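Two complexes follow with chain A in common, the first pairing it with chain B and the second with chain C.
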Partner chain A sequence: MNLYTSFMLITLIILSLPLATNILYVHKNKAYASYVKLSIAYAFITSIIPTTLFIFSGQEMIISNWHWMIMQTLKLTLSFKLDYFSILFVPVALFVTWSIMEFSMWYMHADPNINQFFKYLLMFLITMLILVTANNLFQLFIGWEGVGIMSFLLIGWWYGRTDANTAALQAILYNRIGDIGFILTMAWFLMYSNTWEFQQLFMLDNNLDMLPLVGLLVAATGKSAQFGLHPWLPSAMEGPTPVSALLHSSTMVVAGIFLLIRFHPLMENNNNIQTLMLCLGAITTLFTAICALTQNDIKKIVAFSTSSQLGLMMVTMGINQPYLAFLHICNHAFFKAMLFMCSGSIIHSLNDEQDIRKMGGLFKAMPFTSSSLIIGSLALTGMPFLTGFYSKDLIIESTSTSNTNAWALLITLIATSLTAVYSTRIIFYVLLGQPRFISMPIINENNPLLINPIKRLVIGSIFAGFFLSFNILPMNTPQMTMPTYLKLMAMAVTLLGFVLAMELNIMTNNLKLKIPSSTFKFSNMLGFFPTTMHRPIPLLNLYMGQNTASSLLDLTWLEKTMPKIMSKTQMTLSTTISNQKGLIKLYFMSFIASALMMFLLIS
Partner chain B sequence: MKLPILTIIMTTIFTGTMLTMISSHWLLIWIGLEINMLSIIPILTKNQKPRSTEAATKYFLTQATASMLLMFTIVFNAMHSGQWTTTNIDPNNMIVSLTMIIALTMKLGMTPFHFWVPEVTQGVSLMTGMLLLTWQKLAPISIMMQMFTSINPIILLLIALMSVLVGGWGGLNQTQLRKILAYSSIAHMGWMMAILTFCPSLTMLNLLIYLMLTIIMFTMLNMNTNMTTLTLSNLWNKSPTITMMILISLLSLGGLPPLTGFLPKWIIIQELTKNNNIAMATVMAIMALLNLYFYMRLIYSTSLTLFPTPNNIKMKWQFQPKKRSLFLSPLIILSTLTLPLSPVLSTLN
Partner chain C sequence: MLKIIIPTIMLFPVIWYSNSTLIWINMTSYSLMINLMTLPLLNQAGNNSNNFSLTFFSDSLSSPLLMLTVWLLPLMIMASQHHLMKESLTRKKLYLSMLISLQMFLIMTFSATELILFYILFEATLIPTLIIITRWGNQTERLNAGLYFLFYTLIGSLPLLVALIYVQISLGSLNYLVMNIWFQDMSSSWSSNLLWLACIMAFMVKMPLYGLHLWLPKAHVEAPIAGSMVLAAVLLKLGGYGMLRLTIILNPTTKIMAYPFIMLCLWGMIMTSSICLRQTDLKSLIAYSSVSHMALVIVAILMQTPWSFMGATALMIAHGLTSSMLFCLANSNYERIHSRTMLLARGLQAFLPLMATWWLLASLTNLALPPFINLIGELFVIMASFSWSNVTITMTGLNMLITALYSLYMLTMTQRGKFTYHIHNIKPSYTRENTLMSMHMLPLIMLTLNPKIIMGLTY
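Entry: the complex of A and B
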């Protein structure tokens, strides 16, 4: 025996202590926030040990604790699967969460309910860890729903604001639509494979129907905001910035992709599902990148950037590279969380101003934040040898050299260049130029609670990619040979994006303001997706419901069909038959006519 | 009408029908029918009103056409088969069998030749109407019962079904009692003819019970000369017994168990089902409900509700009834209480 299981369980226990000690009223204490932060820091350290063990010996483990119930032939247990994916994800998630907790101690320090905030964040983290370490679909679903609920509570943190409530509801609804696919998959597996355990599922028939895989895809679309179920992610920016940093950049939204990664043994045999994932991811990444180009809220731009990167992860799944997608998840967590934290720092310093048209000239005023912002953007766009490079560039190379959909590849490249465009846009509007904010804000970034987390994540943004790539075990053969132009393509399009965006932005200083073109309107209104989908479809559904219940059922079936029609028929018939006026000639003619008809009938 | 003339005419009517019923030569049958028709015309016009004259004209035209068709069929049959017996009509001879059916159903007043029945019944007095609907049916039915083997069953069933339908729907729209009873006669004819090709004894049974019930109804209506539903509604004060009897007789006419009127319907449905004719039986049974409905309406206005009346109606001077009520009591008993006698049917051939 070794320390693997003990340390993993210690990690989980440390994390749940602040919640479990609720009965001792620790959460009424003013120091609760730093207590939680400290627990997460310790949990991070204890979780490094199993990870190191894994890196050096490749040991994976399944901890099966509690036998919950047996339903005829289905056994439900509490079991943790600590394999490549969960072992590597847990420290990353804990590290990022630690930084975010420290940051939110600065950001939310004026909030009277700050203890509740930390409790919610902690609960979110625990459910996220349940999700990634689950060994059966049931436990995964518990974590899945748990992160959904916590997302609702956290997005609607400032519940006095109607927009926040609407956004929280929107998040829940879209996630629920995705859950339909999840439950479909669970039901299918229950019926046809008679199990919910991953080991059993992967051992049985590997050539599956489309149905369960499509169900998983729908679930991922809902949770990871792929195109079709994406509007909740930008709306979720109504929540406080730490929430956006934790949930909607690093952890929750990758849950959908994580689910697909977990099921990669079933997906690698089915070409159709890979094509679906590829096309869906390509559409998502391009669409959200286009939408990000004309947004004016800094958090929304970063949210769309997250959405675009999620699309990229889906594309990676589509070319059958789950390990690359996972690497991108881990790398992305670092720089995206940091981008959010920098935005939070800027927002708070400018007295809660979120519109980039009212920011500017912060390069000299907030040096640390702007440096980290620039580093984060460079990492995001895939600058060579920063974090993003190690996963993003590999992804672009793999897509370029795989014999797959050329259209999807083209779309992805365009989206990559657009990434550079909107990153440049942020930098230009927020940091450069003359200040456009109101005079006399208290721009202060001296608080160590703010600086330290960003500092940690900056180091992570620069080195984590290198660190991770050189320590993980290679699980499949990487693509080694390709033509030079393909190798340089990612960098080329990114540079193109940078240059183009810089040119355009500088031009806006000199030119007259034009009426927005229709392309601008398309991009600014998020492709009119929320406008067309949010109201008409539920309205149609409600109309249909009302019509079915009252008109169809009550009025027609119960009232008109039998009673009214019966009475009407009888009355009409009786008046027709007894309507005689004594027209003898007519009667006799009818006699002749009937006689003739009878003749014809029997002849 | 003076008594001797009435006696002669009544005797002639009686003779005509009897002649038709007892003869086996086609010519004599036709003669009987003609005598019957001609001698009932003065009875129809006994009332000396233009309405009765019109009714008599309609009746004469229809019956004359029917007799003419019958004559044509008789001669055609004599030409083709060379004999004049009633029972030997060739069923394969389409013209003969079809025209025979047309003629006889026209005489009976079945659909599609039913248009004259309500108008004629309405135009004459109650007792004459009774004669029309009861005695006049005897002769044609006796002919049909003699030649039932050569009738095309499909045509007859079609006519019967249509008669039941017309009788049901036509009676729904009426408030005049004579027209109601006319449509009821059309429907009952339909029931009788439906079972003719399967089991003619049941036709006889239905006819018997129908005759009894119609005689009762007309007699009771004649007691207070009730022609409309409205006048019926005053009956509760004048003669409560009649009110009760009308209730029971109408229910029996509608075919409600445990009254006797249920017996023919029941047995007819059973016979139709035995011959695998379930659809027909179902439709006829459902249509009989309509009949029952407009009888119930009459019952409703007589015994179940009191229409609004001025107060001095309740204080009527009760006189002795002057109208004759022949055999009313035994007929009522027979036509409502004899359902337990149904095993007697097993003695019929």
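Entry: the complex of A and C
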């Protein structure tokens, strides 16, 4: 079984090689971008070996190799955990990133800093892998923060644009709110369990307080953009499309869910936290699906659909099915990355046009991209025997057969149906009908750098779910029997969504333009969330910083009460008490007078 | 110890006998060589301190600080080259002599065994600093800043002298090495509370405690670059060092007396961080961020647990390097833009990409990105305060959030965005500047690989 550790380490080493060789200029005769892409492809191949072994034998392993420090009773080492989750996630992430890298070679080819861009993407991936393979909380925190910072850099890639900078800062803000929860959990574990190693944590006590678990949930809410801390995710669309693809498929946003999956042994007996997760997930999945309905920016729709899927994963965590949530993470990575790449291809071909109202009829112009987009959308909605089906259908089934909150279930079902609605909307507006874009752009999708990665991911979107669920070991007892109507429920709501959306879309073409209703406004304005949360609260804080902290306390009270008042009193006192009044003439006069007097007396 | 102090003193003849062309290179290389002398100090075998004589010693608390002090001298010299370009040769030499005398006092302060000697040297460091601020500062406000600096520190530290004399009489010795063994618990009376205040206030002002911090932004903003660097990196740490040393003899009064101060620090941390969010002046922002970081150190020291002591020591070193680097970066902006206002220096990333990298790294260390030692420091302090009282996590957590925000705000403001047209013809960054930044960054990275050497006494 030594192949496990050695090949996993080789994978990590191959991945980090381009960062090192970048300084040494060994890739002089080859573009740095393709060098990075190649190393990721190789890393993918080497990472397959431990995965195959795992599927074969089901053995898990820990690599623990470098003592960082030992403080009092706490030992911090560099250790990697190669268990079910990490060992399956690594090849998926590498496969998807490989395609994204190739895609960005096409998408970013005109960027002067393309090498830097690839370096950032690679570091993003590496930090994510650190997060996934970490075996203690500290190492996980390194990956966790690293992912956050790299997303800051990548979202703000076009740093001349104010929007990009704001979006980058927003991502950090929301993530940091989540980090407070993470730190809280770390502190709690250190205090009560005196360890940060996962095995020891899970072994010690499985009936914890709510506090650390809520901390974890807050952390996951920040990172995975659950309701309340979600607005950064659509804003993050300011970044280049490859960044969005990477961010939304295999890195960053799934990190929060992954954290919860990791800590599942502590949560499986705690009903309160599960209810919290369930409700949070259900609200997220519905709210973001509603927001996706009326967006016009193609990337924003896809972004909201990610958010909705993340909510679905959270629901899965809430019904105590971490393995299912994990499967959905893996499946989701394939088609979500591909959807972003397709929209990137469309945006690029239409001269950076992102508005779906100005597209249309692309089915003729870009057949390959269109068919991939349709496959991706169908996989997203859970079309039978495409990738999404294998996890999404199971999730809905186990939600409906589990002993759970009916409201949460209902909300989830509505959101599932809405998934079909917005997917139809994209397909309808972008691909069907008459072209509504100006006829100038030269549409060309024949670049192999564009076609090959999408092709790979199309195959992934069709077969990956089957392969994954065919090969991995069943970790929990699947629900074998259920009434027919429950079995068909997911499919039925999705079909309903499709039909409804198609009818509505066709109908809107024949209708007069009306003043938008308030429901439309609610959806289009993202539930008025940014309006109500992004203005007043920061304004209040900044006012407090300026008025209370700076002007009132620092510049007035502290300045006046201590130094100023002291010098003032000293000055007043000294002028009052002192005899010395500055009357020079008088002093000289008295001097002369006394001298004269003395003179007179002597004489 | 003499092998560090005597070479430092011999720096004086080196400046005054160097000719004008060699003055910088001589000074820098010589002071870097002194650094080599301090390296063996980091090897602290076992729990014993390295006692060099009855007067000087070093242990695992003082040697990292000593190391930091000595490391900073060449950096200060490198940083002030541009600032002194227009000065006459004698004045350059005078300025450097001031830096060296400050260095000498600091080395002795950190290695003194006697508290009275420590006190005298602690006060002696004021003189060269005052001269540096008031003579070489850039604006007229420097005189005011100098006044604030001097009077705050003096008023804080005079009671300490009285208290030390009293302790000398009652204990019979002020030697750290003996104090550990000899100290008796303080009685619970008003007088011991006053004694506690007298002992701690001097350092609280130096750190500075929120409320007593007014001198710091003024001094930082007005001081020339070397002054800002040494203030942020080392002089503030004198306060932390003194507190760590003195709290040993202040038991158990600290347990009661610490409450208001911990509260004040937690509150002040948030306040100063929010001030940072509204700063337009780059140097003032960095100065306020120092106040908020030092508040964490005070909290840690007052809590008096092994973890918090480790965190405090690590955070002091980490913050020393980081804030000094930020001041250097601010200075390199100032030398090009001729203003400290952040709005005037937008979009510099397009012109100076390497400098932007340094900015990025400095901001990231300032916001405590794992696994930098800044994070280790902050994390340990937060852990310690969490176990002291769970509620503190709201304050420390909020501070973490705001710290990240203002650090990145600073980065975004200066490096990102559209550039302004008046910076079209700025000079490229010099090798000197890049070396300077990398010499701040390298120790940070290397200490991150092996943080245990800066964990202090309780490691």
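Please note the rule applied: the second predicted complex is superposed on the first by the 533 of 603 C-alpha atoms of A that agree within 3 Å, B and C clash if a C-alpha of one lies under 4 Å from a C-alpha of the other, contacts with A are read in each partner's own complex, and residues count from 1 in each chain.
The rule we apply is simple: contacts are C-beta pairs under 8 Å (C-beta built on N, C-alpha and C of every residue); 3 or more make two chains touch, one makes a residue touch a chain.
Quantities reported herein were computed from a predicted structural model and do not represent experimental measurements.
*Asks:* Which of the two partners, first being chain B and second being chain C, lies in contact with A:Y587: first, second, both, or neither?
*Replies:* first
*Asks:* Between chain B and chain C, whom does A:N444 touch in the aligned arrangement: first, second, both, or neither?
*Replies:* Touch status of A:N444: no partner.
*Asks:* Check whether A:N22 is in contact with chain B, with chain C, with both or with neither, and answer first, second, both or neither.
*Replies:* A:N22: touches no partner chain.
*Asks:* Is A:L190 in contact with chain B, with chain C, with both, or with neither (first, second, both, neither)?
*Replies:* second
*Asks:* By residue count, which of the two partners contacts chain A more extensively, chain B or chain C?
*Replies:* C
*Asks:* A:S64 in the overlay: touching chain B, chain C, both, or neither? Say first, second, both or neither.
*Replies:* Neither partner.
*Asks:* First (chain B), second (chain C), both or neither: which does A:L573 touch?
*Replies:* The first partner, chain B, only.
*Asks:* Check whether A:L601 is in contact with chain B, with chain C, with both or with neither, and answer first, second, both or neither.
*Replies:* Only chain B; A:L601 stays clear of chain C.
*Asks:* Let me check the overlay on chain A: which residues of chain A are in contact with chain B and also with chain C?
*Replies:* none
*Asks:* Across the complex, what residues on chain A touch chain B?
*Replies:* 570-571, 573-578, 580, 582, 584, 587-588, 590-591, 594-595, 598-599, 601-603
*Asks:* Under the touch definition given earlier, write down the residues of chain C that touch chain A in their complex.
*Replies:* Listed in rising order, the residues are 148, 151-152, 211-214, 271-272, 274-278, 306-307, 310, 347, 349-350, 360, 364, 369-371, 379, 382-383, 386-387, 390, 393, 396-398, 400-401, 404-405, 408-409, 412, 415-418, 450-452, 455, 459.
*Asks:* Can you name the residues of chain A that touch chain C in the complex?
*Replies:* 68-69, 71-72, 138, 141-142, 144-146, 149, 152-153, 156, 159-160, 162, 165, 168-169, 172-173, 176-177, 179-180, 183-184, 186-188, 190-191, 211, 541-542, 544-546, 548-550, 553-554, 558-559, 562-563
*Asks:* Under the stated contact criterion, what part of chain B meets chain A in this complex?
*Replies:* My answer: residues 54, 57-58, 61, 65, 94, 98-99, 101-102, 106, 112-113, 115-116, 118-119, 152, 154-155, 158, 166, 169-174, 179, 183, 290.
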